[in-house]
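One chain, subunit A, appears in both complexes that follow, with subunit B as partner in the first and subunit C in the second.
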Partner chain A sequence: MNINPKIDKKDSLTISEYIKNFARKHSLFVLAYGTGCGAIEIPPTMTSRYDAERFGIRGAATPRQADVLLITGYLATKTLKRVIRVYEQMQDPKYVIGFGSCTINGGMYWDSYNTINSLDKYIPVDVFINGCMPRPEAVISGFVKLQEYIQEGKADGWLKYQNNIEEYRANQKRVIKNWRMPDYNW
Partner chain B sequence: MSEHIKEKETLEAITTAFEKVNGVVQRDKRIIVRTEAETIPGVLLYAKERLKYNHFSHMSCVDWIEDKQFELVYILWSPEDKIQLIIKCRINRENPIMQNIDNIWRQANTYEREIREMYGIEFEGLVGAKEFILEDWEDMPPMRRDFDTKEYSNDHFFDRPGREDAKDVRTEITERSGEEIPDFAKKYTRD
Partner chain C sequence: MDWSLILGIIITIITAFTVGMFYGGISRKVTARIQNRVGPPIWQNFLDVLKLYSKESAIHHGWMQHLGPLWAITASTATLMFVPILNNGQFYENLNFSGDLIFLIYMMVLGQLGMALGAGQTGNPNSAIGVSRGLSQMVGYKVPWLLALVAIMIQFKVTSITGILELQNEIGWLMFASPFAFIAGLLAFIGMMHYAPFDIVFAPSELASGPPSEFGGKYLGLMMTSGAIFTFAKLVLFVDIFLGGASNILELLLKTFVIYMIPVLYGIVSPRYRTEQSIRYFWGWPTFFGVIGMLYAWYMIA
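Right, the complex of A and B next:
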């Protein structure tokens, strides 16, 4: 597997990085994929009342066109398999937002046999939005936080995933016992 | 009082047609019939063909772990009389086998597959008796009451620190209302 070399973090950004980050943070294409009950908060966020498009947030139809993967709510082990496949199909740079308390510590499904408890063990999460459910204001504030991180160059979950792929794979295989997934080559 | 005339007629028709069937009109528009596992297809077919209970609402299962039994619940609905007919039977919890009824209602197949997976009850000649909702499940059927979901979660998923201070308020509540925690629930503590 071809893994990108580790990129050294500089204190200050170059002009080209600044411009790239500026462009990226103002065009966040969110994959239209809802995993739990939280997906119901996305239509009001996107439509006229809260109008997330003024921040450059809009929907994308396929994983290959999307920048942001929004994990909305609890994640069953079956869904985790699909989420991993979706995440690996997305183009770099890609960002993950964990949405709702279920992605943080399991939420009200903390002792359930088929929902995972903490999302960031399986895929890297850039921003968590807590709440059950988070209101559209909270969702937008999470997106604004993500934009700040992108501008500062701190939203590097996708690099973390490439550099620590073995660790993430081991955690994923602990849940998904019958591993029949394609290996992507970045 | 002239209440529950239709319900009583239906119940009487069933109890006279079959032996080892007893039932009760639980309330308005609801009849509960208890019978044995062998007579279940007969009762269902009779209710469907003769009594016009032709809508199969639901099929469910209850785990009576103290009695070492599973209870299967078939819920029928009569669109004509607007009465719900609930038919129950109990089977042995060790090696549970039940007759397949999906030749009476085809949609029972889905319920039977789910019950087979969630409770481990085998249905004779069930079509599609394979993995249904759970993927790659290797443990005990998860809806059985002796399956410890907390333990499974601890073994397979990652707990984030910070939930340890969650307080167990059950003792407080039971003392306040003068009740007792049942024995089977005592093992689910947060200590």
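Right, the complex of A and C next:
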């Protein structure tokens, strides 16, 4: 496994890293994981009225091709399992955007028996977009924030996940009772 | 060692990559404008490819999966090498020897074959469906394409592309000298570009992008590079055969752009065919025009 320790040298990017980050910033392939009601805000964001493609944001068909995992809404423990599989199939560097109040603190499902409250405990989230639901302007502003982080080299959730995998695994196994997942060699 | 040949090859590959990428960007921009959007900048595809090459790729399904994209890019570069870029250029002569049109018919299938083998090993059901669709569709559009090319070979008794280019210096463009073959070739060419309504192979909303669905990162970048080079090679081949080639790069860009815009503009206003509709289409009017082209060729030499 080839990890560049970018966490330590955030404030001094080399030229090659600058160019790479510039390309990553302007070409975000989004895998929209439409779990909750927030998925309804994705079509207007992508289509004619708000047109996210002018920022280089386009939909990806499969996790392998995606850069950004967009979790739109609440996550039942059952769907969390799928989200983890999807996230681990994505190729580094990868980013996660938590979309809506439900991913931040559970939102209106905060005391539900089978939804998770804070997504950040299970997979590393780079940008949260709050609101129930956030409008397309808010979604685009969240993407622009992610682009800023990528350019500065601060969007390093994927490194956090690699470095603290035991902690994340423990959190995941705490809520997912029937843990039957294949081992990935990402 | 002939250094000018090697330099020519390098310049040809860089030209093909750049032009193919820009054409892809222009098609995205045109699509966006027709859908009343602003759309990405026309250099967006360069950023996409740069990003894909800068990703880490850790997917392993077997050896053929790693070889598939390499095979595809080898085949498209090889196809490019055998197509004369300019009809009098020193630099772009590359590897054109006589008798290469029949060879190219085989060569143009090779990349898709490599992709099919590579995608087949990933074990993704979407890939398998995409591969089977792609091979079925190939059976569809190869029939009018072959009929058109064979009609030209019969009519003018020439199989080399350089021979066809020299011929067109004397008798004018072949799209006027053998019009039915041109129509058949153009309709087949629309299918070969894999834009809608013939995008049944890569159908992103239906098949999750089909054959490349398990390929991410650098593999996808290789495939995009290969696609750009192959697009340019196909366009130049079409221009060489039917539109009299080009004597300078500006003329080449103009002609290839006009040809490229036909599938793009037709695709934007079209929904997607089903597989059998697509094959039925190719075996309908395009094949009919191909047969008429053969009869016309036979009539002209008789």
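Keep in mind that, in the parts below, the second predicted complex is superposed on the first by the 177 of 186 C-alpha atoms of A that agree within 3 Å, B and C clash if a C-alpha of one lies under 4 Å from a C-alpha of the other, contacts with A are read in each partner's own complex, and residues count from 1 in each chain.
Keep this in mind: contacts are C-beta pairs under 8 Å (C-beta built on N, C-alpha and C of every residue); 3 or more make two chains touch, one makes a residue touch a chain.
None of the values given here were measured: they were computed from a predicted structure.
With both complexes brought onto subunit A, simultaneous placement of subunit B and subunit C is permitted, the two fitting side by side without a clash. In the superposed model, A:Lys177 lies in contact with subunit B only, and not with subunit C. Touch criterion met: A:Ala61 reaches subunit C, while subunit B stays clear of it. Judged by the touch definition given at the top, the superposed model places A:Ala23 against subunit C, while subunit B stays out of reach.
In the superposed pair of complexes, A:Met90 makes contact with subunit C only, with no contact to subunit B.
Put simply, more of the residues of subunit A are touched by C, taking subunit B and subunit C as the two choices.
Legend: residue contacts after superposition of the two complexes on their common chain; A:Ser112 is shown touching subunit B, with no touch to subunit C.
Once the two complexes are laid on top of each other via chain A, the angle at subunit A between subunit B and subunit C, using C-alpha centres, comes to 110°, given in steps of 10. The superposed arrangement places subunit B and subunit C with a least CA-CA distance of 26 Å.
When the two complexes are laid over each other on chain A, subunit A has no residue in contact with both subunit B and subunit C. Of all the residues in subunit C, the ones that touch subunit A in their complex are 28, 32, 35-40, 44, 47-48, 50-52, 54-60, 126, 204-205, 208-209, 212-217, 220.
By the touch rule above, subunit A contacts subunit C in their complex via residues 1-2, 19-20, 22-24, 26-27, 47-48, 51, 53-54, 56, 58-59, 61-67, 90-93, 185-186. Only residues 77-78, 81, 104-106, 110-118, 121, 171, 174-178 of subunit A touch subunit B when the two sit together in their complex. Interface of subunit B with subunit A (complex): residues 134-136, 138-139, 142, 147, 149-150, 152-153, 156-160, 162-163.
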